[in-house]
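Please find the structures below.
Note that subunit A is present in both complexes that follow, paired respectively with subunit B and with subunit C.
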Partner chain A sequence: MSAIQEPLLKVQGLGTAFPTHDGLVRAVADVSFSVQPGRTTALVGESGSGKSVTSLTLMGLLPRDADARISGRADFRCRDGRQVDLLSLPPKQARALRGNEIAMIFQEPMTSLNPVLSIGEQIAESLRLHKGLDRAAALAAARRMLELVEIPAAAQRLAEYPHQLSGGMRQRVMIALAMACEPRLLIADEPTTALDVTIQAQILALVGRLQRETGMSVLFITHNLGVVAHHADEVVVMYAGRVVESAPVKPLFAAPQHPYTQGLLNCLPAKARQAPGAADASRPRRLFAIPGQVASPLAPPPGCAFEPRCARAEARCREAMPALASLAGRQARCIHVQESL
Partner chain B sequence: MVHEQEQQQPLIEVRHLKRYFGDLKKQPVRAVDDVSFAIRPGETLGLVGESGSGKSTLGRSVLRLIEPTAGQVLYRGEDIAQAGARRMRELRRKLQIIFQDPYASLNPKMRIADILGEALDTHGLAKGREARAARIAELLSLVGLRPEHGTRYPHEFSGGQRQRIGVARALAVEPEFIVADEPLSALDVSIQSQVVNLLMELRERFKLTMLFISHDLDVVEYLCDRVVVLYLGRVMEVAETRALYEQPLHPYTRALLAASPQPDPEAPHRPVPLQGDIPSPINPPSGCVFRTRCPHAEALCAVSVPPLTEVRPGRFSACWRQELFA
Partner chain C sequence: MKLPLALKLLLRRRIVLFALLVLSLITVLALGAELFGRVDPNDTAVLERLRGPSGAHWLGTDELGRDVYARIVHGGRYSLLIAAGTALGAVLMGTLLGLVAGFFKRLDGPLMRLVDAMMSFPDILLAIALVAILGPSMFNVVLALVLVYTPRVARVVRASTLVLRELLFVEAARAVGVSTPLILWRHILPNLISPVLVQLSFIFAYAILAEAGLSFLGVGVPPEIPTWGTMVAGSQSYAHQAFWVVLFPGLAIIFTALSLQLVGDGVRDLLDPKLKKSMK
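What follows is the complex of A and B.
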């Protein structure tokens, strides 16, 4: 049903490369996915998979001195119905979108809030900039935002500084800041990684509630498969800068197609426990493990990036990078999957 | 409290351990407050709780890397808190630690062989150049690295490999007891399972006893025999792992388990188990420290501290409203 709707964001062939002393590092290559209105797409991957570079490229937040070489396109539908390519947008128009139609929350709320501005001023700044409110009106709106994210005693909190808040409260402030201009797309980059599980549950419930109330879409970047299982509609699995598999959440967990996705799910202790026969072993057996580690982006393997760690690898896998093959609403980048389709 | 059911003498016994920081006469931070437990030889005891619960302070106090404010830590019946400097050095050979951050816990200016060699030299092990080099090579292969890795520096390794080096350093002195302080939390999922397997292998091979500190309840369930649940410096619950996960008896344990997201989209969606944040350990709540977030708290809970009591054989819980869950 959601497939009939036009996506809010459609990313096609996104690539980001950084020139370094040791040569061009292709951090992200050939990444395509879409985010449907009111839905959540999760970008999943381990360190070095390129999930954060993807989100920073979309937001235009890569440092200028990184001299990133960006390719591909990312079509975003604005509030007024215009379609813009985020990757080729002039800086002034990008600024008008950022924090307004597209907002972002980060992993570390301590370093992403300004330590010398009060909470109220930081939220008000965005409202004054994008909505043209005056100081008093912006502060009043900031207070409503703090109430929206369930911060107790919002009026007092307005005058407080980030260091006076706990990690969970800071992430709520980040969310208030992101929600201030009612974004159509919220990019959440590992928003709960620094938090305890009980606080993580609170923050995820809050984001879910705001999404239901405002109809915004969420691009959720995470390494936590438990969080993905409960909060994503679509899942995009990344490995070494490329999409290796994408599917709706239930089919992905029920029948992962790519050997990397299969391995990732199998090496979770929670999954090992559900395995048949696991309950009667007095001491746990070995966990499934993916051998080795991600190859250096400076010396990528000639063919499939996962081939050196893959149990199903054969000579053909070393010849060329497999294409992303599609079937029935899902995709996988593996020659074995192509054959079985 | 723990001893009756045990035939064996525990390898490590912690009795009424306290560690306060700051001015004890004013309002100290009560990081660890009156904690007692025992670890049997060969057992892996899990220590779980949120940040600020005192897990790491407790782990370090057990090894006397932090001096306890009060209480005893017995190693084979000997109080290590009372040991003199010379005796302590001997004891350190038996008691080792693996740290959380493999980037911060290896000296960046030392080659791996020297990092491992230093541990040997300190305790007068593997004397002589050849014996020393052979032992270093053995240690590296034990943790899945190659002998030639010894000539490299820490920055040349990935996080998972560094954690293997941290494990090799702890094993260099042939310890009996290891405190593993969140050894997996800096690692990616696919690397985590490699290190979990390594720890399980070595534990079996060298009959190691472990205190495994973690906030990851899935790993603890997988790796540990028994679990101690800590909140704001106090023990909430102690139980055999399987019993604890099947039926948690303390409301805090129940909340922790409910908050841990399962990697299964078909699993029923659970409501948010706890509101608010962990209170400050400078001014902990009166009575039961968990009562301010507990959905079952009543007047009595604010009055006095619930004692850790044996609610069932081998199962201890500190809750005034235990009858609700037992």
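What follows is the complex of A and C.
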């Protein structure tokens, strides 16, 4: 794979705002990143950082009655080489793309399957829609998909209903459903958050294997940095609806630039520090925490969104939102980083 | 015999089983009226009028000497037909209305205000007014009752749809590229079967009573068609000298309506996870 390959998905200046009674809420603003073919880009951030809104905007799945105002562009390279902007695609074309070239798996495997349809029918639905297979052929293909995601006794499982499966099994079925049409991009919205730790590892290994076998790209949305370190190639850190830092995974973990990323990495249990003043090494160590809370999107701080919680905050930080500064293949949104250039 | 689990649980409750047996008996008798009833329901025998139950006339004869048993089984056919037509019609229309109102927020307001307006009339009064306008016939009675019961179904279906449309599997279906009509048809509708089934059995029971009531008041089916309602209505003035002319059609109404309600209760309990424990 050459380094100058065209990205599969290139998001530029994506913004999503929702009109509410208290004014326009900018859930996501000025988000830019790209996903390379066959690689994994991780979108990292805490709850409310806008990572899910970003993925839903890309999928065109925002609720219609939310009346979202979307800006920017997201160029996606289709199988046939066409370049389309996901954000301005007519609904019919977007539907033809969803499930076919771009697929998605969700956080809650317990509710993302229809309780009254059999597993086989649900997987077959996507194949019938996009590949035009008839019922029998689609069900046969569905069985192969279940085998692909390592579900034992696939033939019997086809006729079973979601309530007969465990959470891990259901997430495997969701993956089979998403992979049915061999998508070029898989958006995984916290796919392991609701699962046991042992099952999490299995599911992630499965996604990794499928990615190697099919050459698809993965946009991985998570707040789990451990998962990011193991499975991502590129990392995009989001805070309060904006990208604060983006970098390849190794440099990011080795030398985080933005104070927020530094804080996040410090929060990992492995970095727990000695309680101050404790001489005894056997005393329990304390987890680091970032003080304060995410600013309300209704009343964002005038300058840098992270300034109220930042240990390195200065008066200048309150003046204006810093721009995303680029340095050696990575970017960060902080005046201290800009100055160090 | 292999029965689905749901049916097995349903039959485990004796009262529901009994109600189902009563309903089957009534249905078989009504549909097979020619096989069991030896007498034409409209055969008049003036000399044998108002005779009590006997070997020749199991449930006696009415004021024109017509066999009450024959009239009940033949009338049952019409009563059940009207009630079934009403229940099916109301469920179809109500489901459509409720589904559209629940799924599309923009249509919710207008449609539900319409439903509210219809519900603000007392049931029987609305039915009387409609039949009075349309004219008495079996079809018009069904039509009037469908209009009366559609709002109930619409409300129930809308409430369930409001819950269903927010569930993740609807979003997952969208993520697979399923169009909105197909989402309604394949993903929402099958999940509505349980509440709709309960409504179906209750409306069936209401419709039996409502038809009888309308006929009794003289705004139902024309008197020459024997239904349980027209039987009670036609013979009521003879009740003091021949109780059987009103007692037996009345009992038919009561048993059918009661059995339907019991089955409806059974189905509802079965489908309500909170009440499921009491079934075991």
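By definition in this document, the second predicted complex is superposed on the first by the 327 of 341 C-alpha atoms of A that agree within 3 Å, B and C clash if a C-alpha of one lies under 4 Å from a C-alpha of the other, contacts with A are read in each partner's own complex, and residues count from 1 in each chain.
Please note the rule applied: a residue touches a chain if its C-beta (ideal position, glycine included) is under 8 Å from a C-beta of that chain, and two chains touch if they have at least 3 such contacts.
From a predicted model like this one, the values you see are computed outputs, not experimental measurements.
A.B. asks: With the two structures overlaid on subunit A, would subunit B and subunit C clash, or do they fit side by side?
C.D. replies: fit
A.B. asks: First (subunit B), second (subunit C), both or neither: which does A:L113 touch?
C.D. replies: second
A.B. asks: Of the two partners subunit B and subunit C, indicate the one touching more residues belonging to subunit A.
C.D. replies: After superposing on chain A, more of subunit A is contacted by B.
A.B. asks: Which of the two partners, first being subunit B and second being subunit C, lies in contact with A:A323: first, second, both, or neither?
C.D. replies: neither
A.B. asks: Does subunit B (first) or subunit C (second) touch A:G99, or do both, or does neither?
C.D. replies: second
A.B. asks: Check whether A:V197 is in contact with subunit B, with subunit C, with both or with neither, and answer first, second, both or neither.
C.D. replies: A:V197 contacts subunit B only, not subunit C.
A.B. asks: Considering only the touch criterion stated at the top, classify A:V227 as touching first (subunit B), second (subunit C), both, or neither.
C.D. replies: first
A.B. asks: Once chain A of both complexes is superposed, is A:S166 in touch with subunit B (first), subunit C (second), both, or neither?
C.D. replies: Only subunit B; A:S166 stays clear of subunit C.
A.B. asks: Name the contact category of A:A255: first (subunit B only), second (subunit C only), both, or neither.
C.D. replies: A:A255: touches no partner chain.
A.B. asks: Have a look at where A:L177 lands relative to subunit B and subunit C in the superposition and call it first, second, both or neither.
C.D. replies: second
A.B. asks: Specify the angle subtended at the CA centre of subunit A by the CA centres of subunit B and subunit C, expressed in degrees to the nearest 10.
C.D. replies: 80
A.B. asks: For the overlay built on chain A, what is the smallest gap between any CA atom of subunit B and any CA atom of subunit C, in Å?
C.D. replies: In the combined three-chain model, subunit B comes within 11 Å of subunit C at the C-alpha level.
A.B. asks: After overlaying the two complexes on chain A, where does the subunit B footprint on subunit A coincide with the subunit C footprint?
C.D. replies: Touching subunit B and subunit C on subunit A: no residues.
A.B. asks: In their complex, what parts of subunit C are in touch with subunit A?
C.D. replies: Going by the criterion above, the answer is residues 105-106, 167-169, 171-179, 186-187, 190-191, 193.
A.B. asks: Across the complex, what residues on subunit A touch subunit B?
C.D. replies: Residues 46-47, 166, 168-169, 196-202, 205, 223-230, 249-250, 253-254, 263-265, 267-273, 284, 286-291, 293.
A.B. asks: Flag every residue of subunit A that touches subunit C in the complex, lowest number first.
C.D. replies: Residues 59, 61, 65, 95-100, 103-104, 106, 108, 111-117, 125-126, 129-130, 174, 177-178.
A.B. asks: Considering only the defined contacts, which subunit B positions touch subunit A in the complex?
C.D. replies: These residues of subunit B touch subunit A: 50-51, 158-161, 188-194, 196-197, 200, 215, 217-219, 221-223, 255-256, 258-267, 269, 272-275, 277-278.
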